[in-house]
Amino acid sequence: MSKDSLTKLTSKLKDFAVRRDWEQFHSPKNLAMALSGEAGELLEHFQWLTEQQSQQIEANKKQEVAYEMADILIYLLRLSERLDIDLVAAAYEKMAINEERYPADKVKGDFRRAEEYE
Amino acid sequence: MSKDSLTKLTSKLKDFAVRRDWEQFHSPKNLAMALSGEAGELLEHFQWLTEQQSQQIEANKKQEVAYEMADILIYLLRLSERLDIDLVAAAYEKMAINEERYPADKVKGDFRRAEEYE
Amino acid sequence: MSKDSLTKLTSKLKDFAVRRDWEQFHSPKNLAMALSGEAGELLEHFQWLTEQQSQQIEANKKQEVAYEMADILIYLLRLSERLDIDLVAAAYEKMAINEERYPADKVKGDFRRAEEYE
Amino acid sequence: MSKDSLTKLTSKLKDFAVRRDWEQFHSPKNLAMALSGEAGELLEHFQWLTEQQSQQIEANKKQEVAYEMADILIYLLRLSERLDIDLVAAAYEKMAINEERYPADKVKGDFRRAEEYE
């Protein structure tokens, strides 16, 4: 990860946990659970909305959604630090894989997953 | 979001979707579902491991975990772009809130959530 | 839970785990993770479908969805057995609470959650 | 599904939704999201507990856990009704599949998933 916003944030998050003696709770297993719990909270904001409504949420709800997304990022960065995973590098690798699996001319406008093509 | 790795990644992800005519599927509602689905896959890697084992996964599993985390970051960035949310700024705001809710001297070594203190 | 289909299923699931010496992995924490992982797999079947398409899935996909739902029920029953919770009784209690929180004449056709009314 | 507790519960849940004019929101897609949101809430009760602590939660927390599990069952039954899926039959079919995939003498005490054996 380059020396930029994510690096700084990751380091601040570690410091936050250390000052509270919370690193003992931050096993990868527990952090994956916490991340998934926050993903569930994110879902709850959208579950009864139409797709169109989900694009036009009002300011209050948008603020809450932003904080759920922040929580997800926070646990994602904590987990990457605990497992020594370079998150941005992994994202670029995954994008390269997806370029191969979903050639633009083949999948254009098609929503199926790669395993559903054959 | 500062002009750095996340900004570049967000822009490349948008381009990836546009070239496949996939933006039509990327409503905030659908992206929240996709993110939560990936969080579920992340969980599956850790569900039968002890906390200690989850800290010491071997290289193959770590690679798979890195890709699940990459998928989560990818959907998180797509969602932030669709809703025009500055993810890193939101994370700093959320950390400031957490500093207030969980004063280091009060919660040291205690894992309860804020609402469980009273 | 009345002596019926769920009771029988719960008992068969326990037997399945005992014969494999898997009860050691079936802590409530781990079962909650496994359940949530399956819920994530369920999501993946629907994430790019419109709501209308989700009501009209074809036979193959319906079979897969049925198995994901079966997995969720399986972990739910295992968890209820480990924690000695009467799942059906809890569902009736929760419905009674919901009758109070969401009076039919007040919420008719409105999708907001109780905490969003004020 | 046999004519028993689940059948009755499913019918009462449908009635609850119809009286509120909520069936319009209960597409399979939306119900899968709601179920997954509740699974996330279940996780949150266990995320910082050790496995042993998760087996010994006190009465208050157990009541809350029971209600989260009730919510999951409720959405699972609503979804089975919308898709006309016999949930208990699917669970027995899935168990038969699992008996084949995980022969008791081969997997005894081993937590790996079927695809991790080779």
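The chains carry the letters A, B, C and D, assigned in the order they are written, with residues numbered from 1 in each.
To be clear about the criterion, contacts are C-beta pairs under 8 Å (C-beta built on N, C-alpha and C of every residue); 3 or more make two chains touch, one makes a residue touch a chain.
Everything numeric here is computed off the predicted structure, so don't read it as measured data.
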* Counting C-beta pairs in contact, which comes out ahead: A-B or B-D? -> A-B
* **Interface numbering overlap (same over half, different under half) for subunit B and subunit C** => same
* Structure fact -> Taking each chain's centre as the mean of its CA atoms, subunit A sits from subunit B at a distance in Å of 2
* From the C-alpha centre of subunit B to that of subunit D, how far is it in Å? -> 25
* Asked: Which residue numbers or ranges of subunit B touch two or more of the other chains?
  -> 25, 29-30, 32-33, 36, 39-40, 43-44, 46, 48-51, 111
* Could you please specify the touching residues of subunit A with respect to subunit C in the complex? => 32-33, 36, 40, 44, 48-51, 111-113
* Structure fact -> Touching subunit B in the complex, subunit A uses residues 1-2, 4-6, 9, 12-13, 16, 19-22, 24-25, 27-30, 32-33, 35-36, 39-40, 42-43, 45-46, 49-52, 54-55, 57, 62, 65-67, 69-74, 76, 79-80, 82-83, 85, 87-88, 90-95, 97-99, 102, 104, 107-109, 111
* Asked: Across the complex, what residues on subunit A touch subunit D?
  -> 25, 30, 33-34, 36-41, 43-44, 46-48
